Structure formats: structure tokens, C-alpha cells
Amino acid sequence: MSKRFLAAALIISASFSPALAAKTSLVIGMPIEPPGLDPTVAAPVAIREVTWANLYEGLVRIDQDGKVQPLLAKRWDISPDGLTYTFHLQSGVKFHDGSTFDSADVKFAFDRARAPTSTNAQKQIFAPIASVETPDPATVVIRLKETSGNFLYYLGWGDAVIVAPETAENNKASPVGTGPFKFKSWTRGDRVELVRNPDYWQTDKTKLETVTFRFINDPQAQVAALKAGDLDAFPNLSAPELFSELKKDARFTAVAGNTEGEIVAGMNNAKKPFDDARVRRALMHAVDRKALVEGAYSGYGQPIGSFFSPNHPAFVDMTAVIPYDPEKAKALLAEAGYGNGLSITIKAPQMAYASRSAELLAAMFAEVGVDLKIIPTEFPAKWIEEVFKNKDYDVTIVAHTEPLDIDIFARDNYYFNYKNDKFKALIAEAGKTTGENARFAKYAEAQKILAEDVPALFLFQLPKLGVWNAKLKGLWENSPVPANDVTDVSWTD
Amino acid sequence: MLRLILSRLLSLALTLVAVSLAIFLILEVLPGDPAAIMLGTAAREDTLAALRHELGLDQPALVRYFHWIGGLLHGDLGQSITYKMPVSTLVTERMAVTFPLSLMAILISTTLALPLGVTAAARRDGPVDRAVLAFSSLGVAVPNFWIGILFILFFATWLGWFPAGGFPGWSGSFWVALKALVLPAVALALPQAAVLTRVTRSATLEVIGADFVRTARAKGVDKGATLRRHVVPNALIPVTTILGLQLSFFFGGAILVENVFNLPGLGRLAYQALNQRDLVVIKDIVLIFSGLVIVINFLVDIGYAILDPRLRSRA
Amino acid sequence: MRLTPRLRLNPALLIGGILTAIFIGTALLSLVWTPEPPTRVRIAMRLKAPLEAGLLGTDHFGRDVASLLMAGAWNSLAIAWPAVLLGAAIGIAIGCAAAAWKGAADEIAMRVSDVVFAFPAVLSAIMIGALLGSGPTAAILAIAVFNIPVFARVTRGVALQIWTLDYIAAARSLGKPPLRITLEDVLPNIAGALIVQVTIQLALAILTEAGLSYLGLGVRPPNPSWGRMLSDAQTYLSQAPHLAIAPGLAIALSVLGLNLLGDGLRDAIDPTLRSRTEPV
């Protein structure tokens, strides 16, 4: 073993030469290690944060502003009835294993995702598809059963990236895509290394030669690694309490942007007393969102009054609809028949933002005579079982991190047990509306309904606390989709 | 002797079977569906069923148990559900952290404990003895994860001598990697060193009181030589027993310390696997940990019998 | 071997007794009085240094650290005490039975305790937490389970020695049933050793509870616990290092007190016990 160490030491000293040209390596820190590297068969956000747009590409992509841009499809035509999408594919695209990308791969990827044996976490994206046809290698025609206003947008997600039939099976451990970077190695528990794809179809697009993702769970260690220069960037720092310190440090750029994660305290709307909108409103009135953000997330994070990401162009600020007002809360509770107090429980996952928010909610509710008992509930295992599946809870608290997921309040049998036919119809309409302005107007209306009806306590948007070397440019400030897209990242000197 | 070893081997095998059954049963009743965890909250029922089938979770429990044991007998630990790779590879990778960590901790613990314990016993009730006793009483009382936190505070945050956590891997500089393990190893070692010091002290005292030592002293052999030649070798027998038992504790106790220092070791793997309900990985790791304890106990028993003929005849 | 009526006072007994009295006294006091309500959140007063607000400063919610520590003492005892008693009750019963009937019963009891011993304790406690949901019950059961084999072994060891005594053999030959011998002759004679073991196991239980609540298992928030205070403190280490000191000291001093008390009691009751009940 010592021989190997010696050899390693020699190699390191040999390769140590002063770098005159701009640096071409990047080391990115992430709090959580992805379980596998295939975004088409599992849900975790961390998978997308390593692979999306770096290793794999879709027909289209989502850009920094949340807009749909062409990628593997250079353009597309949509039939007037909105049911037929014709994609014209880029030519000269190769997978990392050297095989050529063509329409057959698109058909394979989408048919695989919607097959009965599919384990795609967002299978509903593909639900409207009636057929995928390949008239020639450079054209794909997708026919839909019904119009879908967000269909193109969904195709930009990690769940809809194009994978090749020869390699799809092994993508979890050795991913093969068409992206600007190729997979090099994965040391479990520690790091994933990517190298530049020399055959990338957008020639000279990327400046970086190597990209390393390192997984550091502990907030103190994250900051220490940044300061020591072991990491060049931590796009999503998990320690808000340490963020201000880094903001003052001239070596770093520190930006607090938004993620797609709305932190909400969901209530069991089918259960007493939450079936009474007055009680739900009263609890919302009892919450001082600003103090909550201060205590739970050191003041970073935008308070929200409804369920929509500030990253999305259709966002409307609804925090004024039910503002902090303990007196009003008491009055509403008395009106609903709980003037003498109310005792309820909250199932809170172990994540710091959730357990801290739960403790603060308990303190705030106590001010209006509501006794909130905290039941720590292991996430994801127990939470999915008890809250999500069995709906055995009063109140709970999680961040919903999927982009554009307001429709969860319209889903039957979702854990909120919320039933509002008007809202449901509105969301269905919005989903089918292909005109952008008309669709956004419907989303605005939907946000207002939720803000007034409070099926869940809307607390704040989980911030994206990005920290990176001041000489780096091209990293995303917000994350309209979960991603660490490094395609355009470069060093300034 | 052979009969003793055979009967011990039989009970070793039976204990291992019992442990494997216990692990399997506990995981059987553990709430949480690995498929639902993998696919998140947007997954539909048919997707979940497809994944459960792919993972073999839809087979009867008995079939899965024998499948697991059958694999183990062929040296196959199975495939991790979350990482989709052989558990043996995962465990080997993590061992590269946990094994050197435990080894360093044992080294630190014994180099501290043996001299301290023997010296204290040799100067019984003197100031040195009292100081050693105070150190060991305090050492036993301090939680190892708190020592870890204090170390991070002093040596990493304030002085900047050591990294605050994380592990750079052995592929880079050997010394940098070793340095990352120093603080966790000391945090892990101190409480165990305290226990070992007490055991060494009392074992040494017992031997000092024994007849043959008194005879040696009476024959005029000087104190230092008696200690070296007669006392220490005999006192080492019980000390080794405790050390054997502590070995398992080092691996187990590493869970907390690996969490404090964010080290990608076996303990953290187990913790993560439990969170993700990666049942294959948890089963294997718990079995490895407990198998290790059982085998070490077995070896200690046999070693005892060889060293001490009285025990041989009694058993 | 009987508990001598007059305990010989020794330094360990004295220091251990004082520390333990402070520990238990604080825990009891916290039920009726703390400087501030321990769960009162004051966001405006977050992360104040000691003396700037309260004796020991405030935590990330502006709660008074001294009050949290006091209430934490009670919560720590409230887990450790029932856990050890439960483990002791079952373990002593098993140990006595093994010593009384020997043979197959003894062999089975010892093999089962081997199996329990073989499980990595922390990992198993986490599994029990996952099984029952985190909370006091899970913590108590997790700690109790690992106390059973300890008590079973210690009890069996000392009980076997009593069984070899002449007068017991005489009683047996006169047809006195083993159960009555156990209750009337064995138990009173081994009570001293068991009390010592209880003290030592209590110390261990407090350490284990701290470890479990550090990992997020144990008493439920907002009920304060020392282990969780440490895990919270770790995220604020560079801003508010004082938060990491006090809870750790509280754990260490309580455990130290109980350990010294156990040692002192053992020496006071019977110095020859030492070799037989030396903790592993």
C-alpha cells in the first residue's frame, strides 16, 4: 500500500507547476450526495444538481430565468390545435460512448419513461403523450391526447433528458449522455468527477476541463472547505447562520437567490378543526413570517403568502392577504368555537429548516392560545409513510422543491386532503392553455385562491445561498430548476 | 482442546444465525418503503409497483431472507438499492476511512493507557496514581462527540491547525489525508483510553498482589525488573480481553464521531443507508459489525484457553 | 458481603455524592423554577453572549441557556432512570434465573445476551428510534435493551457465588424451592453489587441519551435536551462558541458524579467487589 502512496506523492509533486493560464478546473460543494446518477429513475434533487445540463441534455432546457430554450431540438413546430409537436433535432450530436444521437434515442427515452415498467419519478409529464414517431433520424413527432400548456417546459426537466438504449440501464452508476461533460469517477460518500467532453456538439462552448462535485453535509465543514480553498463554489450552502460571515469576505461572491422550494406547513384539511377555513386563517394570522425567517433561516428567505416560486414570471406577492395579526387570530378562533384553546400536533422532519420552523410555530401559536405539540418524524422514510401516504397528521412542515407544483393542491388524495372544485378546474384550464399570458393570468388567480383559503400555512421560499470564488463567473444565482449548470462557468484570470 | 474449539465454533455459528435473523426481522417491521423514498412524492402507484418489483421487494420475506444468506455464503453482499452497486465495493471504499481511523484510535488509546495504568499501579495511592485516576474518571464521563466539537472549535476554527471535517481521500497527499483523521481519532480514543487505563491499573494491582510476584521481590529482584518481567506480561491478559471488546466499540462509536467530522466512513454509510431505507446495505453492515464482535469474542475465548490451562480444564 | 450499616466515607463517594446531588437537585428545581421559561422564544435576543443576557447567554431562538440546561437535567434523568430500572428489572430476573436453574436455561440466556451485545449499540438505538418514531419511549427502550444483558451477566456472576455457599446448599438439600432461595437468600446478598451497577449504568445511560438526542432521537422539542443543545450549537460554532461549552460540561459532570458515586459506594460497601464488577 505504501508503494501506491509514494507513487501518488510523486505524481502530485511532478504535476505541480505554476499555472499561468486561467484555471480550468472547478470544485463544487453540495450538501447531499446523490443516490445514483440517473435523473430519469429517481426523484432526489441532488441527482439533478450533478447531472442536469452537465452530463445529460433534453430536447429543450430551462435557462437561468426559468424560460424554455432549444437544446437537442434546434427548433419545433406546434400544430394549431396544440396536439402535435414536431421537433427538429441538432445534427452531429454524439453520446459519450461515441454512438450517434438521433430521433430513435428520443423515442426510446420517452417510451421508456411512459412504459408500464417505468420508474420515472415524474411520469405524469409523459401522460399526455399519445405517440412518439420518427419520420427520419433528425425529426421527432409527438402527438398528445390533450393539450398541455407546460409540455415544453416539462421537457426541460431532468426527468425528460435523452438517454441511449445501449447505456440507459447502467446510467445510475456510469452515466452516459450528450452533455458538455463526461463522467469520470465517483467515490461514494465523497465526490463525483466529470471531465470535458471533447466531442461536444457545441464546439468551444465550455471553458472548464474538469468539474468535481464534493459532498459535505456539515455546515461548518462546508464553510471551512471554502475558506481553505478546497472548494471553489458552494451554490447551495446549508448554513444560513454562516452566510453573512462569507458575505463580508472579499474573496467570495455571496448571493442569496431563490430556489423552487416553498416551505409550507401543510394541514390536514379533511380533519377537524382544519376543515374550518376560519381556523386555518387564524393560524396563518398567528404566524409572524419575518420573525420565522429570522429565527429559522437567519433572515434569508422571502416570505410567501401563497404557493408559487418568485423565480417564475407568473409569481404574485400574496403575503398581505393574511398578515401577522395575533388579535385577529384569537378572534377567528373564538368565532370558530376554539376561544378556550386548541391542542394540535405537528409532524416535523429532522431537517434544520423544518424542525426550527416547527419550534417557532409552536411558540407563535402559544401566543394565541393554540398548543402545538411537536412530533419529530424521520424524513423521508416515516414522513412518506405516515403523512404522505396515510394522512395521519394534523399539521406538518416540508419544502416542496419541484418547480411549478401549484397543482398539488388540485390533486385528488394528496396529503393536504384539500378539496376545492373551483381551484381544481382553474388549474386544469391553466394546464391546457397554450397562450402564455392567458395561462399566467390563470396562475395568478390560483395563487389568490390559495392565499385566501390557506390549505397550508405559507411560510417562506427556501433561499439558494450561493457562495463562490469572486473570480468565477457564470454560476446561477437562482435555481428555477434544481441544477448546477456549469456549461458557461469560467475563471476570469 | 479440540472439543472446546468445536463447541465454541458451533455456538459461534448459532449466534451468527440468530443475529442475522434478528437483523432481518427488525428491518422487516421497520416502516418506510424504499421505492417511495427513491421516487419522491410525485410518483404514481404503478411507478412505485414497478420499482418494488425491480428491487425484488414484492417477494415473500422468507425467500428474501434465504436469498440474502445464500448470497452471503457465496461472498455476495448484494446490490445497494440507492447506489445500484455491489455492497462489497461500498464497504471496501468506506473501510478506507473507518479502518485507519479505528487503528489510529487504538494506537493512541493503548499508548496512553498502558503506561499510565502500570505507572499508577506501581505508585499506588501516590499523587501520580490520583492524577491518573482523576484523568480516567473524567475521560469516561466525557462524550466523544463533544470532544469532537471542542476540537473543531479550538484546533480548526480558532487555531486553523486541522481541517474542520471532511476527508480528502487517499488518492491525494498521504499526509493531508492522515491529518484529517487526527482529531477524530483522538476524540474517539480518549474515552476508551480512560476505560483502558482503569483496567490496566486494576489488572496490574491484582498481579502485584499475587504470590509469585511477592516471591520474586522477596528473592531480591528489583522493583522495575519485577514489573517488566513478571507483572506487565501477566496483567496484559485481561487488558487484551478488554481491548478485543473495545475493537468493536471503536467501529460502532465511529458512527457519532464520523457524523461530527463529516467523514465518509462505514458508520456514516450505515446512518445514511438507514435514512434511505437501503435495507441491503443496513443488513450487511449490522451483520459485519456484529459478526466482528462475535468472532473477536470467540478468538479471545480460545486465546484465553490456550494461555490459561485452568480455564481449559474447566470448560 | 452484606451491605454494611456504616458506609466508610471516601473522597470518591463524597465528590460523586455532591455532584449527583447537584444534578438531581437541579433537575427537580427546574420543575418549579428556572430563571426564564426554558421554551420562551425571543427572536430579538438571539445568540447573546453569557451575562449579556442571562447567566449563560441565549441560543439561536433567544432562549435562556441556563434555564435550558436546568430543564435538560430533568429530561436527561427522565430518560436514563426508567431505562436503567427497566433494564435492571429484566436483567436481574434473567440473571437470577440463570444462576438458580443453570443448565440449558443458563446457556440460552447467555447466548441471547451475546446476540444483544454483538449489535452495534448506537446503530441499533437509531433503528429502534426509526421503528418507534423518535421520542422518549424509543430512547428509553433503546437504552433499556442494552442494559438487560449487562445486568443479567453481573447478577448471574455474583449470584452463582452465593449459590456455592454452604448454607444455601443445606437449604437446597432440605427442599427449599429455588425461587424462595433466590428471593430470601440470594437477592439480599447481592443487592450491594447491583446498586453499584445501577449507578454506573445510569451514568452510561445519560451518555447514551446525549448521543441519541445529538442525532435527533430522544425527548421531543421544544423540551430541551443536552445532546440536542450540542447539535444546535455546532451550527453556530463560529458565532456563538459558548453554546457548545455548557451542555457538554453538564453531561460530563453528571456522568462523572454518578461514576464516582458508584466507585465510592463499591469501596464503601465492600472493597472486594471491585474485581468482580469492574465495568467493561
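Just so it is clear, A, B and C label the chains in written order, and each chain counts residues from 1 on its own.
In this text, a residue touches a chain if its C-beta (ideal position, glycine included) is under 8 Å from a C-beta of that chain, and two chains touch if they have at least 3 such contacts.
Just so it is clear, the structure is predicted and the values come from calculations on it, not from any experiment.
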item	value
Central subunit by CA centre of mass proxy	B
Which of A-C and B-C has more C-beta contact pairs	B-C
Distance between the centres, which are taken as Cα means, of chain B and chain A, whole angstrom	39
Chain B-chain C separation of Cα centroids, rounded to whole Å	22
CA centroid of chain A to CA centroid of chain C, Å	45
Where chain B touches two or more other chains at once, by residue number	30-32, 152, 157, 260
Sites on chain C at which at least two other chains make contact	130, 234, 237-238
Residues of chain A whose C-beta touches two or more other chains	218, 220, 223, 378, 381-382
Footprint of chain A on chain B - complex, ascending	30-33, 36-44, 46-47, 50-51, 53-54, 82-85, 90, 93-94, 97, 152, 156-157, 163-174, 260-262, 264-265, 268-269, 272, 275-277
Chain C contact footprint on chain B (complex, rising order)	11, 14-15, 18-19, 22, 26, 29-32, 137-138, 140-143, 145-146, 149-150, 152-153, 157, 195, 198-199, 202, 206, 242, 245, 248, 251-253, 255-256, 259-260, 267, 270-271, 274, 282, 285-286, 289-291, 293-294, 297
Chain B contact footprint on chain C (complex, rising order)	111-112, 114-115, 117-124, 126-127, 130-131, 203, 207, 210-211, 214-215, 230, 233-234, 237-238, 241, 244-245, 247-248, 251-256, 259-260, 263, 274-275, 278-280
Residues of chain C defined as touching chain A within the complex	39-41, 43, 46, 60-62, 129-130, 133-135, 216, 220-222, 234-239
Chain C-facing residues of chain A, complex	218-220, 223, 239, 241-242, 245, 291, 294-295, 348, 350, 352, 355-356, 358-360, 362-363, 373-378, 381-382
